[in-house]
Structure formats: structure tokens, C-alpha cells
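Mind having a look at this structure? Questions to follow.
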Amino acid sequence: MDAILQAAVNGLVAGAILALPAIGFTAMFAVLRFPNFAVAAFATLGAYGGWMANAWLGWPVVAALLAAFVLAGAAGAVTQRVALDALRPAGPLTVAIAAIAANVILENVLRFAFGNDLLGFDLPLARDVRFGSLRIGPQQIENLILAVAVMAALFAFLAFTRIGKAMRATADNPDLARLKGIEPRRVELLAVFVGAGLCGAGGMLLGLDTSIDPLTGFRIVLSVFAAAVVGGLGSIPGAVAGALLIGLAEELATLAIAPTYKSAIGFVAILLTLSLRPRGLLGERAY
Amino acid sequence: MTGWANYLVFIVATGGFYALLALSLNLIWGGAGMVNLGLAGFFALGAYASALLTVNAGAPILAGIAGALVVGAIGGYVVTMSTTRLRGDYLAIVTLGFAETIRLVANNEIWLTRGSDGISGIPGPLKAELGGWFNAAYALGTLAIVALVWFALRRIDLSPYGRALRAVREDEQVAQVAGKRILRFKIEAFAISAAIAALAGALYGHFNSYVAPDIFQPLITIYIFLAVAAGGVGRVSGAVAGAYLVIFFLESTRFAAAAIPGLAPVQHAAIREMLIGLALIVVLRWRPQGILPERIPPAPRPQSQEAT
Amino acid sequence: MSLLAVEGLRGGYVAADEIVRGASLSVEEGEIVSLIGPNGAGKSTLLKLVAGLLRPSGGRVVLQDRQIAGLPATAIGRLGLSFVPQERNVFAAMTVRENLEMGAYLEPAQARTRIEALFARFPMLADKRRALARTLSGGQRQILAMAMALMTSPRLLLLDEPSAGLSPKAAEELFATIVALNRDGVAILMVEQNALEALTISVRAYVLVVGQVAREGPAAALMADPSVRDLFLGG
């Protein structure tokens, strides 16, 4: 029982962090209508950006998180403009393939600069907090708070700002949005910036209590896709729900199967969702 | 044989495996407009299937290869079954996940796959009889199989079946109206394609006598996309030419990166991978027709159709 | 001088395939004008050409002295012409209020006062301001779409088959709303399948056949014309 509760707590924290890149992936899909497979590199890039701000410049975690967001977001926007935009007339699959190529390039830029070694954040050591038999690391709590804060900021941006609403409008009905004078290219670029930025913030949070290396983002990418598909590709609330579900399922599964199989849970979840309810929990049609 | 001759044989054989993978991808990407981002997974699946059958179960090599074909086809069927009715994006995600899951299983089911140690001592056909000539003979045999698969795919390409597949690619919506038969076409094409990729894996294993999870990096999938895009999506001969072009490119980047002084080995590797990613984007961008463009001009496709 | 004057307009979805083949019509200040005709005559295409959603391949479109043919839809929108598409004409996943805000995306400064005015004008929208547009009924959705178009304070409203898919009762209410809007001073050019209803509320009408104006005249006269009756009004 305790083990289950502990796994559930770990799963919720992991799910909240996973939600950031999952939202990023699904938001980019909602506006640009192709799966941006470079999310792994965006997450890794954010992790390194945050690490540089923290370890080199001595920035505190919140400021470093902002750096992670901006660096990954900028990389996403530049990738979109330089490499992907020109391919869009060839169809979404061609763009998706190019995004994988972009992922390889970005990942190797980091490998070139930092090597394959593990890097750790410069954080004060702290003892786990105990609630009865539950153990929670202070870093886990901080990560959870940060992830929730980033999501809250995103929801406020989408709900209350003019450009945020324009983004939702474009995702909802691009033709009507254009008719109403919403410039699609601006909105698309912003969506990529925010989406890739969220991946970056998620990547840094992942690395905070462990370490980072050029494959930090790659390791979670299947879970990110699973969260987005389970929640319904293109739905932001869906991505949050999907991420929490996948986070929980992965941690609970470790009670029964080897922890190394965690990411296979994501694959199974994708297959199940697509077979039973392709539009996911909260998504639109998938045909 | 001298070092250079050995190197050449190695290049010819590896190019042959890549050519099979490229033919596999071309059948579905060029043929039906589907993508398989988990090509490396099917490659691994075939390699492991044949290796396990021959090493663990003591089956003859031909039986191992046949087993790889069957397992590959089943894998392809499983992957497409749940997504053929959906947009292509979903198949892309599922195939990516498939390759990762295959790698996980290969790494972790140690009782079966010996984990990251890999399986060694995979038998090669007539290895004792051929002695020092084994590699060269095997490379030639691989080329013969490439030719055979090429011939079979050209036959398919020109058959009514191939035309039906192209119809699926050119106008998914019209094809969808045609209904269930098209779904079956797509699943069949994907299963055949997956079996060819598995065949490449099996041949690889019997050539190198060793397979391990790390051999089947996702980067291989990128190589093959580069090969098919460079050769011209939809061109059977282009796929084979593209595979050798990619091998040539990969080897040149090896020498070029090594020629840059003052870099660590990891930086050399990073530069090579960057060049490969860059090459794919460049080819997709500026040579959408490839070096040997498809003779049948593709029908103009309105963008809205792609977007739905 | 006419509010809108269309002369010899040509164009379609692709340059090679002209659906509208030299159509001419006009709308005066404060009029309701209907465009009727058989399926495939090019009625909706004509509206889209006028609104700038499609690029005309020939002809002139003059809105209050200004030649607007070839301008993008948003530029035409700023000159006082609002187009209401037939389908997918609201943001389904956004609230009624947000939809109205998006209606005046280019004029955010005026949005608040105009929304209040529209809420006063359409109490139904005020009641449902926080409801998602996808939860509205077909008739309510159509009213929201028109209200969004009114957010830019247009002189002329282009309606593409506003009653399509509505129940007879909802369609009747909608036509009443259109008449009321027109009394407030907005001129209306609409395409309608429901020709009898459309002619009943219109001042004048045009019959479009194969991309050209085949008949035109006062709505009452067209309604009385036996050939028009036979063709579109069900005898």
C-alpha cells in the first residue's frame, strides 16, 4: 500500500513535469498541424540553457528556468523559420521528417559543445521530507510547484492576452482566424516559441534532480508523444491530463515490471488510445 | 585480402543492407505516402529474429531469414493496424515508438537477447567453405538479393496493385471513399515493407556474426530517409542509388571530420551527425524530386487536403 | 452612387477554372439584396471574390468609391465590408465573448464598447457570453457569426447561405434578425438556397446562372415571375 502511494506521488510529480513538453508538442501541432519531432532536442537544449545559467552564471532556479524557456523557444523559432517553413507545401509528413533531422543537428550541437558527460546543477543538498512513510524530495516539491506555475502562466497567457487568444483562434479555425485579420505566420512563430520553450522548461526540470546529457530529452520523448496522443493531439488540457496519466502509469508500472520498461508504457498507451479512441481524451477528430 | 579490398567489400555489403532498407521505405513512402520512422526497429527485429533462430534454436540460416521475414511482416501489421484509418502523423508517432520499444526489449530481455552484450557467433552461410572469401562472396550475394527485391518491387510498381497504391498516395480522400480495400492495401504494403527491412537486418546479422541493441541506432532511419529522398521518392532504382550515395556521403564525412585538427573523437562524431541531419533537410528542401525523379509527375495536391 | 458595385467579375478557386464569368451587380446603402440561383451557379464563389477570400481574375469591385478587387480579405474588412462564411464561421472552442473579441481583432480598442452594444442588441449572446461556441444551437451560432462580423461596424454584410442547416423555425427567426439588422442601417448581400424566404425580405435580387447574372430586378417582381418561380421557388 505504501509502495503504491509512494509511486502515485512520484508519478504525479513526474506527470506534472512531463506535462510541459507534452503541452509544447500538442500546442505546436494544434497551430502548425504537423508533429514537431524536434521536441527532444528542444527539451535537452532547455536543460543545457538552464544549466549554463545556473552553473556558470550562478542564477537561481527560477531565473535559470526562464533562460531554459527562452533558449529552447528561440531554437524552436529559428528551426521553424530556417529549416521547416519552406517544406510545408510538401505536406506535414515531410516537415515532420525534417524536424527529426533538425533534432539530430541540435542534439549534436550540444554534444559538440559539452561532450557526452553527465552534468549536474549547482543546488544545495537537502534532505527528503517525510509524511508518515512517504518520502518526498524537496527538489520534487519545488519541481512540482515550478511546473504548475509554468502551466498557470501559460493558461493565463492563452486565456487573457490578445495574442494568446489569437493563437487559440488559429488552432481552432485557421481560415476564420485569417478572415478576422489574425496574421498566421506571426501566430505560428509564437506558437513554436512557446511550445519549444515549454519543452525546454520541462527538460530543465527533468535534469534538476538528476543530471543532464545530450540524450536528456530523447529519453522522455516517447512519454511526451504518449501524453499528447492519450490526451488528444492538439488539445492542451488533454496534454495535461495525458501527462498526469502517463506519469502515474509509468511509476505504478515500476511496481510490477522492470523500471527500464517505463517508456514502453507510453508505446502501449499510444497503441491502446489509437485503437480504442483515436481522438484521445479531449481531442478532436483524428482522421 | 588487403585492408582496402576488405574496406570495399564492407562498403558494398553495408550499402546492400541500406539499399534493402531504402527499398523498404520507398515502397510505402514513395508508394503509398506513409512513413516509417521506426525503420531501425524493423531492421533490428529481423536481425534478432534470424540470430535467435539460428543461434538459440539451431535453425538453418535460410529458416532464420524466413523467420525474420515473417516476424517483420507481423511487426508491420501490428504497427499499422491501429493507425491506417488515421492521419499519417499518427503512424509516424507509432513507428517512432515501435523502434524505441524494440531497443528496450533488446536491451532488457537478457534471457532472450543477452541484453547490451548482444548475440555473437551468428553463423554465416558456407563460412567454413569460403574461408577468406566469405565477406566478398556474401557481399555479392547481398547484391543479388537486392537485385531480386528490386525486380520484385518494380513488378509491383507496374502492376495494378502499384497503381492502386499510388492512388492512395496522390489523393488519400478519393482513396478513402474507395474504402476497406484501400485500408487493406496500406496494411499489406506496410507489412511487405517491414518484412524487407527485417530481411536487411537478418542479412546484416549473418554477415557480421554479431548483433547488439546499440547497432540499431535511430540514426539509421535518418540515413535511409536521406537515401530515399536523395534517390527520388517513388523511384525504385533511385532508392538503391541513394543508399550507395549515402554510404559514400557517410564515409566522406568520416574522413572530412577526422581531418579537422584539435577535436575530440566525440566532436568528430557530432560533426558527422550534424552533417547528416543537414543533408536530409537540404535534400528535402532543394531536391524534392531526388537525383532520379519519378517519371510519373505527381498530381497537384491542394494544401487543405494535407491539413485535414 | 452605389455602396457596392461589381462589374464583370470573373474568378474561381483556381485561375484556370472560372466559376464566376463576368457577373455584375450592385448594392445600395441600406438595401437587402439576394443572390439566388441553381446549385453550382457560383453564388458563394462570387461572395468570396467580393470579400477578398478568392482573388478575382478579372472585373471591378468598387466599395464606396474604392476599387477593392484583389485586396486581401482583412483590408477589405477594414473598409467596411464583413463576410460571414457559411460553415465553420465561429471559433468552436472559444467562448461567445472571446469570439466577439476575435471579430474585432484588428480594432481591439473599440472591442469592449462594441461587445456591450451587441450584448444589448442580442440578449441571447449576453446570456451565453461564457458558453463555448460549440455548445450553441445552429441558429444561435449563426447569430454569433453575424455578431462577430458586426464587430468591425461594417456598412455592408455579406451572408453566405445563413439559413443552411437550420430548422424552419430557426431560419424564420434568423431572417427576422437580418431584417432588424438592416433597419439599423447595415446593407446586406446574401446568398440563399431558401429563395422564397430570401426574396420576401429583400428589396432586390439577382439570379445567377453559370456564373453570370441571368435575371435581376425588384424582389417582388422576381417572385411573381413564373420562370423564376418554376426554377427556384418550387412552383
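Every chain is named by a letter (A, B and C) in the order it is written, and numbering of its residues begins at 1.
Here is the rule we go by: a contact is a pair of C-beta atoms (placed from the backbone, for glycine too) under 8 Å apart; a residue touches a chain by one contact, two chains touch by 3 or more.
Note that this is a predicted model, so its numbers are computed, not measured.
Engineer: Which two chains are joined by the greatest number of C-beta pairs in contact?
Structural biologist: Ranked by contacting C-beta pairs, first place goes to A-B.
Engineer: In terms of CA centres, which chain lies closest to the overall middle?
Structural biologist: Answer by centroid distance: A.
Engineer: Going by the average position of its CA atoms, which chain sits the greatest distance from chain A?
Structural biologist: Relative to chain A, the chain whose C-alpha centre sits farthest away is C.
Engineer: Just how far, in Å, is the C-alpha centre of chain C from the one of chain B?
Structural biologist: Comparing mean C-alpha positions, chain C is 54 Å from chain B.
Engineer: Just the number, please: Cα centre separation of chain A and chain C in whole Å.
Structural biologist: Each chain's C-alpha centroid was found; their separation is 43 Å.
Engineer: Averaging only over C-alpha atoms, locate the centres of chain A and chain B and give their separation in whole Å.
Structural biologist: Distance between chain centres: 29 Å.
Engineer: Counting only residues that touch at least 2 other chains, which ones in chain C make the list?
Structural biologist: Nothing qualifies.
Engineer: Any chance you could list the residues of chain B touching two or more other chains?
Structural biologist: none
Engineer: What does chain A use to touch chain C in their complex?
Structural biologist: 162, 165-166, 168-169, 171-173, 175-182
Engineer: In the complex, go through chain A and note every residue touching chain B.
Structural biologist: On the chain A side, the touching residues are 29, 33-35, 37, 83, 86-87, 89-94, 96-98, 100-105, 107-109, 111-112, 115-116, 221-222, 225-226, 229, 233, 258, 260-261, 263-264, 266-267, 270-271, 274-275, 278, 286-287.
Engineer: Of all residues in chain C, which touch chain A in the complex?
Structural biologist: Those in contact with chain A are residues 53, 73-74, 77-78, 83, 85, 88-94, 98, 101-103, 105-106, 108, 148.
Engineer: Of all residues in chain B, which touch chain A in the complex?
Structural biologist: Residue positions touching the partner: 33, 35, 37, 81-83, 85-90, 92-94, 96-98, 100-101, 104-105, 107-108, 219, 221-222, 225, 264, 266-267, 269-271, 273-274, 276-278, 280-281, 284-285, 288, 301, 303, 306-308.
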